């Protein structure tokens, strides 16, 4: 992590909320006893009348959010990613999404980097779950700025959205002028040998891997796939058609997440060799964030290895 | 501002539309109101039987048990404009026990939200009347339900939203007794009390039956009034088939300083002899012949 | 549906439960007010002391099932597929699977063929959800016999399992002597031009499609992929390496289900052209079962079309 | 059959192991028992502070508030065999509020379920002591918890299972007050009462705080005894830091004809002055210096 400036993606969320709250009275924020962690507390302190803490009751959080949205509010509902998507799945699916309401689920503590709390708090299937819900948009910002801009964008997209935020500070990749283009894969580095598609906390790992590969003469193209649903089919296919190989990287199970989305796309549109970097269908464990990234095979080294293995294949 | 606006048009059913806020049923008008609501109730019941009979599937038992409750809400208590379903000042209704959709659809149709002919397309491919309420398809449906135990939460959210906007609108939610086994109901109950949602009234269709049998045999709900009181709600109990009893309770609920629960004692399958208290008719359509028999009974009533 | 004998998969479940209950006192069955629909009522009538109705409370159903299993019981927990997997996802994930307990979730009313009840009752993401859970086994039987034998098998596999059953009667494909081989793709018909992988209610559609294709000179191999997790990687790759093309068929969203599983496998192991027959990321609607199969593009005709399109591609 | 078997060995802590079923605390022994349980409690507290301090993360507040409850369960009430964690006749304990794992781990270690040295590996990669209880890694943990609102359901399942096998074992579950906002708790409450689970005792660690503040500010739990009674449970209230009070309530709970709730009034962060009633220490580890200060305080106590 040397060399990177570090900031929390959830701080980007909090700052976006303040900005939105300031200019739009329809913004209402709900949390489930985790306002200090998700950072919705900042909104609460500034706009107490537009903040509701639902207590430790995620099901009610989501269905109440739907009801609020039905009165014309733009509702942000926050808790940890595992509870937002898993504990309240049916509410998200049947009340929010089926009603197509403006509930923006912004959940922190996505992925393995939750760290020491361990498995029960490490959301490793949340992208798979939310991706399966019709009408749901799924966004995984990579840094503070992307989180901030993504939140401001999804606020005004019709219907439900899921934004996955992390626990640890993440390397800052963008700046104050960053323009978030919803639904468009973001080219971070060009290359002709392999396309590395990453999201969230692994984007900087992908960039580090690309750097490492460059030293070996392998030119990796790096896409920051902040929007996992709707998938930027064209953007991905365009890159992949040039490189002929794909590595996907996510802090999530390799089942049904970013890797699954890309695999489904390629299978139907452009079958090509692919490697998935992700958690290989197992529960998380307690440990330090970066230690777990290494332990579960999600580091720059692992990404580079996957890319190398692909490039060794006959084209 | 008179939030009631003009009375809606109820497709020839006459109207008992409340014209003032915090209205209390005038005893001089009680008999007239009673007659109208009973007439409407009988019409809704016939529609329910016919809709489900024609559809060949659906939930007659729990639709029939809540007919008077819906009649009192849509034709006595609630301020709404069938010709303008999105009227911002309308009261809101949430059918938390979504499987009673046929009763809701019939009430909405009588109000004039859509053409009565739609009723006979219930549950058919392409119909605006889905097996469970779908707000995107059916005018008058505020939120989609069908998965039990979520509607009361949604109603809480609405009540909070309306209060934020300082609107005088009230929110009504109808839940089932079996549905009350869902933890989500109690999460909502706790939040509503904490938030002091005095614009929220819930009605519990206490028909004593769920799918697998009597609630007291499946998972006993025990002392429901005590439960709701212990969760901080004001509680009334009414005969859920006595329209004036319901109307008065709805009136009184507006005086509560927090959320208000009306436990309506009802009979599942009410109005059709062979469906009454018959657990088999929870989710089974009457045959053609049963449908005719039921309609005859209702016609005679 | 002409020409097929029809029986409910959930009846296969009920009969298996009776057989298991007779010979193994550890078998306990839990339901959530849907015993008449899931058919656990038959077990209840025979072994009332080993049946517990949890009422309309799916979260408690699943976590209580875990507790029962922790006392050495083999627990079957039933409700509709959408509530088993969605309403109780967190309980299934964090209490059952993380504890690795012997809870066999046998859920009826999977898929679009739920029919008239409509979207809130049509489980279209349950396979995706359960597949994402580590340690979970996912089985989708195609007919009465397969359901019966699958249930008897998963009863004695260590840890949690999910068995998806249907609402309508399904064509009978097997007989009383059918041997269920957990984890092995089941070859239903051999062919060299395209592999059609189907599960559950769509297996007979796949067979009908193969018949239709045969008339046009296209020889389709049909695999009944009753076990979606663990995936029979070898069996699938073996078939696909011969045919060079795959069509997947499921009564489920094309996101993260059977199609997703196969796409993930092929992407990493054997990239080849594929088409997914499934619900294209939308909610269900009310209608008759077979009408909906047609409406959502899941019929034999649609499967044949997908196969045809693949075969038209240059090999 | 004496289900108690031989008393376990408690790593030199002495034992107050109950030798008969339905045992009631003998007043002549009360003082001795009190002293032992208070000694054990102090040791567990020190362990909790040190474990979390060394780990650099964890939940001190809710671990410290339930120490006496755990001490009374593991060193007074429960029949168990630390040397044989799978002993079929053992009583079961479920830590529904899984984030209090450090207190449980310390109790288990003092019982002899595993080596005390393991305690200092809390939350480290590869440790048998995960951030939240993991039954596959830690001897003595009956079921994995951490996601709130599920443990009481699991305990119900266990109580049903043990009753089926006609075993005399009891099941204990510890839940939080914040946790009681989860609907799953009330689903379990309803089923337990319906099933008449007289072998189930729940203890509520009523420390008045959750993460976002006081429970009464976040979502008020209102009249908790009334809630539990209305859900059909027998309810007792105790001082959750008075070991004899807890022991007597645990004894009495065995006489209940159904599930029994002990509401233990506690202080979050109990025993460490700067943690007591301090919401900040819900989920924050003490610094090195704070840890030393806390240990000194506890040493002096």
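Some notes on this structure:
Just so it is clear, A, B, C and D label the chains in written order, and each chain counts residues from 1 on its own.
Quick note on the criterion: contacts are C-beta pairs under 8 Å (C-beta built on N, C-alpha and C of every residue); 3 or more make two chains touch, one makes a residue touch a chain.
Computed from a predicted model, the values in this text were never measured in an experiment.
Shared contact partners of chain A and chain D, listed by label: B, C. Farthest chain from chain A, judged by C-alpha centroids: B. Chain D has its Cα centroid 44 Å from the Cα centroid of chain B.
Centre-to-centre, using mean CA coordinates, chain A is 30 Å away from chain C. For this pair, chain B with chain C, the centres built from the Cα atoms lie 37 Å apart. Chain A and chain B have centres, each the mean of its CA atoms, that are 41 Å apart. Shared contact sites, meaning residues of chain C that touch two or more other chains, fall at 54-55, 57, 59-60, 82-83, 87, 90, 94, 98, 119-120. Annotation for chain D: residues 134, 144-147, 149, 181-184, 187, 190-191, 194, 219 touch two or more other chains. Shown here, the protein chains touch in all possible pairs.
Touching chain A in their complex are the following residues of chain C: 82-83, 86-87, 89-90, 93-94, 97-98, 119-120, 125, 128-129, 131-135, 246, 253-256, 259-264, 266-268, 271-276, 281-283. Those residues of chain A that touch chain D in the complex are listed here as 31, 33-37, 41, 53-57, 59-60, 82-83, 87, 115-121, 285-288, 291-292, 295. Those residues of chain B that touch chain C in the shared complex are 55-58, 98, 123-127, 130-132, 134, 144-149, 178-179, 181-183, 210-212, 215, 218-219.
Those residues of chain B that touch chain D in the shared complex are 149, 181-187, 190-191, 193-194, 219-223, 226-227, 229-232.
Contacts from chain B toward chain A in the complex involve residues 88, 92, 94, 134-136, 142-147, 149-151, 153-162, 164-165, 183-184, 187-188, 190-191, 194-195.
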